[in-house]
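The two complexes that follow have chain A in common; it is paired with chain B in the first and with chain C in the second.
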Partner chain A sequence: MRIRAQRDDLADVLTRANRAVGTRTALPVLQGLLCEVSGTTLRVTGTDLDVTVRTQLEVEVMDEGRAVIPGKYLSEAVRKMPPGQVTIGVTDTDIEIEGNGPRFTLRPLTVDDFPTLEDVVADGVEVDGEDLADAINQVTIAASGDGARPILTGVLFETSDDGLRMVATDSYRLAKRDLPGVGLEGSGLVPARGLRELPRTIGAPKVSAQLREREAVFTSDRGSLRLRLIDGNFPKYQSLLPESYPNQVILDREELLEALGRVTLVAEDHIPVKLKLIEGGVEVAVSRQDVGAETEHLAGDYSGADDEVSIAFNPRYLQDGVSALSGDKVRIQVIDSYKPSVIDDGTDGDFLYLLMPVRV
Partner chain B sequence: MSWTEPILHVDMDSFFVEVERLRDPELKGRPVAVGGKGPRGVIASASYEARRLGVHSAQPSATALRLCPELEIVAPEHGRYREMSLTVFEVFRSFTPLVEGLSLDEAFLDVRGLRLHFDSTIDVAREIRQQIRSHLGLPASVGVASNKLLAKLASQEAKPDGVHHVPRSDELGFLHRLPADALWGVGPATLAGLERLGVESVGDIGAIPAAALAKALGPTLGHHLHELANARDERPVEPDGEAKSISVEETYDSDLTGVDVIETAMLSHAQKLSWRLHRAGLAAKTVTLKARYDDFTTITRSQTLSGGIDGAHDLFKVATSLLTQLDLRRPVRLLGLGATSLHPSDRPRQLDLGHDRAWDSLEDAIAEVKERFGEGSVAPARLVGRDADRAPGRRSSKSS
Partner chain C sequence: MRLVIARCSVDYSGRLTAHLPEAIRLIMIKADGTLAIHSDGNASKPLNWMVAPNLIETHADRWVVTNSKGESLTIWIDEVLEDVTHELGDDPGLQKDGVEAHLQELLAARPWVLEEGLTLVRREYPTDIGPVDLLCADQENRAVAVEVKRRGEIDGVEQLARYLERLDNDPRLAPVRGIFAAQSIAPQALVLAEARGIEAIEVDYEGLREVEDTELRLFDIRH
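Here is the complex of A and B:
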């Protein structure tokens, strides 16, 4: 194979496909990017078997063919070339990358070792790319990064007549986002790690999505992202959502975020932030034996069955939830200091964040 | 018997070799060494069969093979020794918290706290050897004496696979017949200096006036050797820091099979572990499950939580979720449940979504009953009739 294209275009398709290439891979060949050239198209595939990114670019083709080239070196080498045209070609033994003087030669990996991936059948459902990216950012914050509990590292995609619902939980908090009107079919547990890559790899105004038996497939005019579904049963989250909350406070979202910024200065290391919901707003307090303390009052509307109610949270978890909201207001609904609270924008909208307190 | 010799030095016999023999019983009864096999290989540990032919540790493997051509040299697997060492130390700590490890295979123990449980410290030594032998299948030698110096020398005397007791009344008799370089601090250079003074045995050092020894070797070393040669060693046994883990494990007489049986056994572990954590005032952020299948392959799986736990219900929940990572169709001969990343249990605790406050109150009540009536006074219905301590199928249990 031998092709020529603009450095920036090449760097873009290589870098995006390389995001699927893991640093620790089971098979050496997975360190590589599969580059396939036919007609006038270069198609680049990177995969760690769970996450697969495929990008493509119209290029000037001198020779068709295919090669597997170490992904990190290839994408970095192209990026570091001088601006202008860059040629990538295969010789008998090496890969050559050249343009305007510099020339890299890289050792290829064995093409036949690269896993065979069936082509994507493009019959997904069209979704607004920006909505999807927002939803992904909102729910994946609650997914667990703990590989020992694989089910919690996934985002549940559930579909109904109303649309798509995405849910993630690490067992301490839960994020739920509805995308009404998205007529996806089926359900599945999609790895959060791969989902987070969607905006950066194939993000576009229009994204097509489909849930297949073993994978979730997203395509756009920038390429495709395929995520292998996680096996297992997601916790029955419905039963975790309390039916009603006797107490609630509505605060200015920016003010709360700023206050939490001050809190986290003191509250490293899982020191909880204490909230006391009272008439006129919330008393925020954090203290740490070896550092000191911070307290403040935030004005807000409190309404509740109790005169006041106190609750403590992991400040980072609280911050995550408040940041994930989009409106000007934040509503915190509390039952008591041992039961989950709900954080939302106060409109019973599409997003909610359920957070378990810290027992102090 | 008196309790005037409460310091034990436990030294595992040919530790690496014996661990390899557990893995491969074919190695038993033959001259075996663990060490490098290459041209520059060095022996790390030799079996007694090999030692009789002159093989010893730190010897080049090539020399060892010349001395003993039928010697089987096994490449070292340090991970395996470390893992076994942890288990050995768990046995030590089940006797006393005063355990000072010197290396993977030796430790000092101060056992004076066991006065009410044993007739003598020699009996403690025998019981420790017995437990290490029956639970782990490993030989150990123990020295029993009034201080660390004598205990360590006594364990050398006890080898292989024995106990040596140095009574208060015969300390100098025991010490003085040993060669001078048996003392700590006597290396080749010091030995040469001592030999110029006509010293051969520890007794010879003891016979030199303190001032003369200080003049010959310098005040620090001189004083040090004078003290040692007179059997004086005041250093206490210094435990290796705070408890880093608390665990419960059990090897079963007949292998456990089936999810139900294994879960029930795990429930019993969770109960015990919770009680030990409660007694220590600790909560764990990491819970580790250990299982050994009937073919001796051992698997550990752990889960780290955002907040610490100490309740049996919570521990059991984590344990059962870890059990799903095991192949429960295979017979299991050993099950263990351990707690690490320990911190005081009164620290703030992140609750999880499945948290049911009713369990907290229940566990508080259970702890109160156990405080008053003993650990065995309350148990979950699932364990009633099984009574952990009398159940059939039980072979041994230990905890640390």
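Here is the complex of A and C:
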């Protein structure tokens, strides 16, 4: 195998495929990138078996062939080369990377040890790439990072009345996003960790999505991303969504985010921010015994069955939900101090963030 | 199990002689014949007791408990206030409460109690010699490995040191700091941890449990 291409193009396909390369893999070969050269195409595959990224590039081919090259060293070596053409070649024992002077020699990994991955057949449903990336960013904030509960580390993909619904929860909050018109068939629990890689690895104006028996497959003209589905039953989230809320306040989203930025100066994750919904807006307060306190009033439109309602939230979780909204306004709908509140943009739109309060 | 609340006085003779003056007390007679006399104080310890096998003779004004060692307990009953008997059936035995696993779970949910700004990367982070309990990131996004024990002993520190050695081989994580967290840590383990550059932290398990009890969730995650 011997190819030549522009440094920046090569670095791009290698770096994107390398995002799937595991940092904690027990199989040494999975620390490598499988580079396959055929015709005029270089195809690069990185995988940790749960997440697989495949990228490709048209290159100048001197020799066809395949090799597994340590991913971190390969992508970094190419990136650090001088601008211009870079050549990657396989000798009997080494991988040589050279261009405009510098020359790296890397030890290859055993190509036969690399797992066999079937080719992706791109017959999925076409999705607007920007909408999908937005939806991923909105729902994955609510997914858990606790690997001891794998189900909560996933995003549920399921068919809704008018398209695709994506839902994630870590048991303290739940994010739900609808993508109307996306007729993805089936349902599955897609790992949030891998989904977050989609915009960075194969993000494009048009993305094809497909749910298969054991994996979710996303393809674009920049490559493919395959995510092994998580086994298990996602919590029955529909019953968690209250049908009505007696109290609500509508605030300026930017003003609330700025206020929460001031709150987090005083509060760590475990110090709740207290909100008192009253006529004319919200009183925001946080106090921490060993630091001090911060209070302020945010003007807003409050309507409710009660003259005032007090509720407290984990400030980071509240900040996450408000940040995930896209409009100018934020609506907080509250039942009482102990039941989940809904945060949305006030339009009953496609995104909803359900947040459990903190007992104070 | 028979429970009697009675105004009584008690005389014991055996290894020594002892007298409890008249007062209201709880007399507990277990199905196996063990008898214990409790007051409202004295924590869990009975004022007087006779471990089975015993012979219990009940008379209108007194109960006499004797055993083969020549000990005897005479309970002079002045007034019976309550007398109830319940069949308790077979006991399933004491179950270990899984403190260590629960402590790990509690710390995974709130790693900042170990160090301000600490966030969880993954529980049971695999290494080639076994999983480290928690892999976290500090405020500067540097890797921190946390080993959790109920009681911190030298072998736990050694175990964490071995994990750190393996994790440091991963260039994407290195250098990895270590935190040894336990409900209580033996002095020798503290010395060894310091020598190995590992921070040893005693954590308040009961306090963490209280915090957990006040947390509200959308659904029960234990099922």
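By definition in this document, the second predicted complex is superposed on the first by the 357 of 360 C-alpha atoms of A that agree within 3 Å, B and C clash if a C-alpha of one lies under 4 Å from a C-alpha of the other, contacts with A are read in each partner's own complex, and residues count from 1 in each chain.
The rule is short, and it goes like this: a contact is a pair of C-beta atoms (placed from the backbone, for glycine too) under 8 Å apart; a residue touches a chain by one contact, two chains touch by 3 or more.
It should be emphasised that the depicted structure is a prediction, and the values quoted were computed from it without experimental measurement.
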| item | value |
| --- | --- |
| Fit or clash between chain C and chain B when superposed on chain A | clash |
| First, second, both or neither for A:312, with chain B first and chain C second | first |
| Which superposed partner A:39 touches (first chain B, second chain C, both, neither) | neither |
| Touched partner set for A:205, first chain B, second chain C, both or neither | neither |
| First (chain B), second (chain C), both or neither touched by A:101 | neither |
| Which superposed partner A:272 touches (first chain B, second chain C, both, neither) | first |
| Which of chain B and chain C A:174 touches, first, second, both or neither | both |
| Partner chain(s) touched by A:72 [first = chain B, second = chain C, both, neither] | second |
| Which superposed partner A:145 touches (first chain B, second chain C, both, neither) | second |
| Chain B clash site on chain C (candidates 97-105, 115-123 or 169-177) | 97-105 |
| Touching both chain B and chain C, residues of chain A | 146, 148-149, 169, 171-174, 235, 240, 270, 338, 340, 354, 356-359 |
| Residue numbers on chain A that touch chain C, as the complex places them | 23-24, 26, 72, 145-149, 152, 169, 171-174, 235, 240, 268-270, 338, 340, 354, 356-359 |
| Residues on chain B engaged by chain A in the complex (per definition of touch) | 301-304, 306-307, 321-322, 325, 348-355, 357 |
| Residue ranges of chain C in contact with chain A within the complex | 105, 108-110, 112-113, 116-117, 120-128, 170-173, 211, 214-219, 221 |
| Residue numbers on chain A that touch chain B, as the complex places them | 146, 148-149, 169-174, 235, 240, 270-272, 312, 314, 338-340, 354, 356-360 |
